[in-house]
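Chains: A, B and C, in written order; residue numbering restarts at 1 for each.
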Amino acid sequence: MDTHEPTRDPSLTIRSLVKAYRPGQPVLKNIDLTLAASGVTAIIGPSGTGKSTLIRCINRLVDPTSGEIWFEGENLVALSSARLRLVRRRIGMVFQEYNLVERLPVIENILTGRLGYVPFWRVWLRRFPAEDIERAFELLDAVGLGSDFATRRADQLSGGQRQRVGIARALMQQPRLLLADEPTSSLDPRTSVEIMDLLGALAEREKVPVIINIHNVELARRCAGRIIGMAQGAIVFDGAPDALDDARLATIYGGEGWLQ
Amino acid sequence: MTAAATTPPPRWVRFTPLQRLGRFATYLVTVAAVVWSLKTIEIIPEFLYDAPEQTLDLFRRMWPFDWSYYPKAIHAALIETFHIATLGTLLSLVVAVPFAVLGARNVTRVPALNWLANFVFVASRSVNSLIWALLFVAIFGPGALAGTLAIACRSIGFVGKLLSEALEEARPGPVEALTALGAPGPHVLLKGYWPQIEPGFWSVTLLRWDINIRESSVLGLVGAGGIGVALDAALSNLYWDQAGLILAIILVVVLVVEVLTSTLRRRII
Amino acid sequence: MSASARVRHADPFPPHWGGRALKLLVVVYALYAASTLDVTWSRFVSGLGNGAVFIARMFPPQTAPDKLQLLYEGTLESLQIAILATFFGVLLSLPLGFLAARNLMPRPVVWVARAFIALCRSLHPVIVAILFVKAVGFGALAGALALVVASLGFISKLFGEAIEEIDMKPVEAARAAGGSFLGVTIMAVLPQVAARFIGFASYQFDSNLRNSTMVGIVGGGGIGAPLFTAYQRFDYDFVLTILITVIALVLATEALTGRLRRLFQ
C-alpha cells in the first residue's frame, strides 16, 4: 500500500509550539521543527526537559497550549476529537513501559493496532479480517518473535520481547509516522541496542519516519540520522550525529563534569 | 543520630497531636457508647435466666426433623430461592456495568455522570434487601418477582461500586496506547479496560452471588418468595421440627455455595 | 475458513467451546428462571398502578409526635443493639480469630474454630434472631445476640486471616526469648494486626447497624418492628419517615467510620 518514494516533503511541521501545564510555567517554549518524511530523528536531553511532552503533543495525548502541528496537510492542534482519531490511526507510538494489554495474547495485542479500522462486533468476537491476521503474523516474524509467541499472554514475556510486540502493534497501524517515547529506558543495555536496531531497520523497511525520545546519547548516535538536543523546553541543538561534540553535549546537559 | 550533630535531630513523630487526640476521643466515645447502651437497653432478666432451658426446649422441638415436609414444600421453595439469588445477581449486572462505566472518573470524564452513578450506588446500598423486598411486594404483590427485584436492587450498588473502583485502578498505559492509535471509545473499553478488570468482575459477581443466596433465604419472611416463605409458615404454626429442617437445609446450601464460590474465585485470581 | 482461502497460520483465536456452552447455559437458565417468576404484562401494568398508589401514600412523611416518639425509641434501640453487638462481637472475635490462625494453632483447633466461624456466618442475622427470640424472648437482647453471632462470623474470619499474614520473625524471637503464649501474643502478634482489626470492627459496626434495623421484623428489637407494623397497616407515610431516618443514620455512620479508619491507618 505504502509504496511512495521517500521525498524531501516535510512529513511533520511544528510551529511555535508551547505547552504549559501550569499557566506561566511553559514546559515547551516555542518549538519550531520540521521533519523529513523518512529517517530516524532522535530527541535527546536531560529528564524533565519536555521531550516526552513534545512527542505527546504530536498525537495529542497532551494538548498543546498554543502553536501548530502540521501533519499531512492538517493542523492537528485544531482537529475535533473525531478527526483527531482518524489522524491518530496513522501515527504509531511505542512506549517506555510497552503499554501492552497484559492479559491478552501477543497476536491480539498486535491486532489491536487495527482497532481504529475494525468494527466493534469483530473486535468483540475476535473476528479480525484475515488480511490483518496475516499481517500480524508477518510482523511477529519481522520483530523476531515468530509464530510460537502468538498465543502467549503478553504478561509472560520479558521486557525486550514486550517491546518487540509494542513495535509490531505500532507497525500494524501501517503508520505514516512513528513516535517512540523512551522505548529502551526500561531495558538492559544489550536489549536496548537490539530494540533500537530493530526499530531502525523496520522503519526503513516500512518507509516510515521515526521520532525517538532517548536518554542514551550513544544509542541516539548509533541509530539516528538527525539529532535534536533539548534543554529547558527549547531546542538547543539540531544536526547530524557527527556534529554532536562534547561542547554541544555540554549545552544540552549543562556543565561538563558528568562527562568524565 | 550522630554525637557530632550540633543541632538536635528532628524527632520523628508518628502521629500529629490532633491525630492522637482523635484516637483518644474515639476510645473514649466507644467506651461511653457501650456503657450507655448497656445501661439503657431493655433487657428482662427473667427471660435471661430462662434462656438455657428455652434453648434446650427449642432443640428438643426441632429434633427429629419432619422430613416429610421437604418434598411437600421445602424443595420448590429452595429452588425458588436459588432462582431469586441467581436471577437477581444477573439482573444487577445488567444495570451495574453501565453505571460502573459512568462512575469511573478515568473513563467517564463528566463529573455530573460520575455523581449520578455514585448516587445510584449509594441509594442501592443504603437500603437493606429486606426493605427493597417490602417495596416490591407492595408494588407487584408477594412472590419471587419481588424477591428477585429486591436482590437485584440491593446488588447494583455493591457490584457497581466495586467495578467502578476496579476501572479506576486499571493501569492507564494500555488505555493510553489504544487511544494513541485511534481506537474509538467502545473499542478502548473492550480491549483496554475489560481485559484488566475481567478477573475482578467474575470475582465480584461470584462474591455477590454467594451473599445473595444467603440474603434471599430471608426474603420470604416479608413475602418475597423463596425458602423464607416456608420458614415463615413453619414458625407461625410453631412447627419447630419443620423450621429446624429448613434451617439445616439453608445452612448446608449456604456452606456448599460458599465453598464453591471461594474455590472458583481462587481459580480466577 | 473455506479450503480455498489462503490461510498460512492456524486460527489464532480457536473457538472456545467450553466457554460458549457455559454462556449458552447461563442464558437458557436465565430465560427459564425468569419464566418461573410469572412476569406478565397485566401484572406489570397493575404493578405500576400499585407503585403509584404506594408512593402517593408515602407523601407527606408522617410526623405526628406519637409516631416520632416511636421512631426515636426504635432508632435509639437499633443503635444500642449495633453498639453492643459490635463491642461483644469484637471482644469474642479476638480469641476466636487466634484459634483460627494456622500459623499459631495446631490443626485440629483451627478446624474446629473455622467450622464454628463458618456456622456463625452462614445464617442470615435475621434468621439467627428468630432463634434468639425463642431462646431469650422478644426484645433488643435477641437482636443484639443475633448480631454478635454475625460479627463473630465475619470478624474472626478476617482477623484469623490477618494473623496468618503477619511476619513470623518477631513471633519466633519472642518465643525464643521464652515468652509465654500470652506474652508472645501481646508483644509480637497484636501490634501487627491492631490497625486492621480496628478497620474490621468499624466495617462490622456499619453492617450491624444496617441489620439492627431489620431484626425487629422477627421480634429482635429496634426500629424494624415499628417499620414492619406500619408497613402491614399500610401506614406508608410512617414507613417513609422511618426509611429516611434509617438511611440518614446509616450514611452518617458510614461517613464517620470512614473517617475513623483514616485516623487509625
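Following the convention adopted for this analysis, contacts are C-beta pairs under 8 Å (C-beta built on N, C-alpha and C of every residue); 3 or more make two chains touch, one makes a residue touch a chain.
Computed from a predicted structure; not experimentally measured.
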Contact graph of the chains (line, ring, star, complete, other): complete
With centres defined as CA means, the chain nearest the overall centre is B
Between B-C and A-B, more contacting C-beta pairs sit at B-C
Distance between the CA centroids of subunit A and subunit C (whole Å) is 51
Per the C-alpha means, the centres of subunit B and subunit C lie apart by a whole-Å value of 6
The distance between the C-alpha centres of subunit A and subunit B, rounded to whole Å, is 47
Touching at least 2 other chains, the residues of subunit C are none
By the touch definition above, subunit A meets two or more other chains at residues 108
Contacts from subunit A onto subunit B in the complex sit at residues 59, 61, 85-93, 95, 97-104, 108, 112-113, 115-116, 118, 120, 123-124, 166, 169-170, 173
Subunit A partner, complex, touching residues on subunit C are 1, 5, 7-9, 12-13
Per the touch rule above, subunit B residues touching subunit C in the complex are 19, 22-23, 26, 30, 33-34, 36-38, 40-44, 47-48, 50-51, 54-55, 58, 80, 83, 86-87, 90, 122, 126-128, 130-131, 134-135, 138-141, 143-145, 148, 214-215, 217-218, 221-222, 231, 235, 247, 250-251, 254-255, 258
Touching subunit B in the complex, subunit C uses residues 26, 29-30, 33-34, 36-39, 43, 47, 50-51, 54, 76-77, 79-81, 83-84, 87, 118-119, 121-124, 126-127, 130-131, 134-137, 139-141, 144, 210-211, 213-214, 217-218, 221, 227-228, 231, 236, 239, 243, 247, 250-251, 260, 263-264
Within their complex, subunit A touches subunit C through residues 105, 107-108, 126, 130, 133-134, 136-137, 147, 150-151
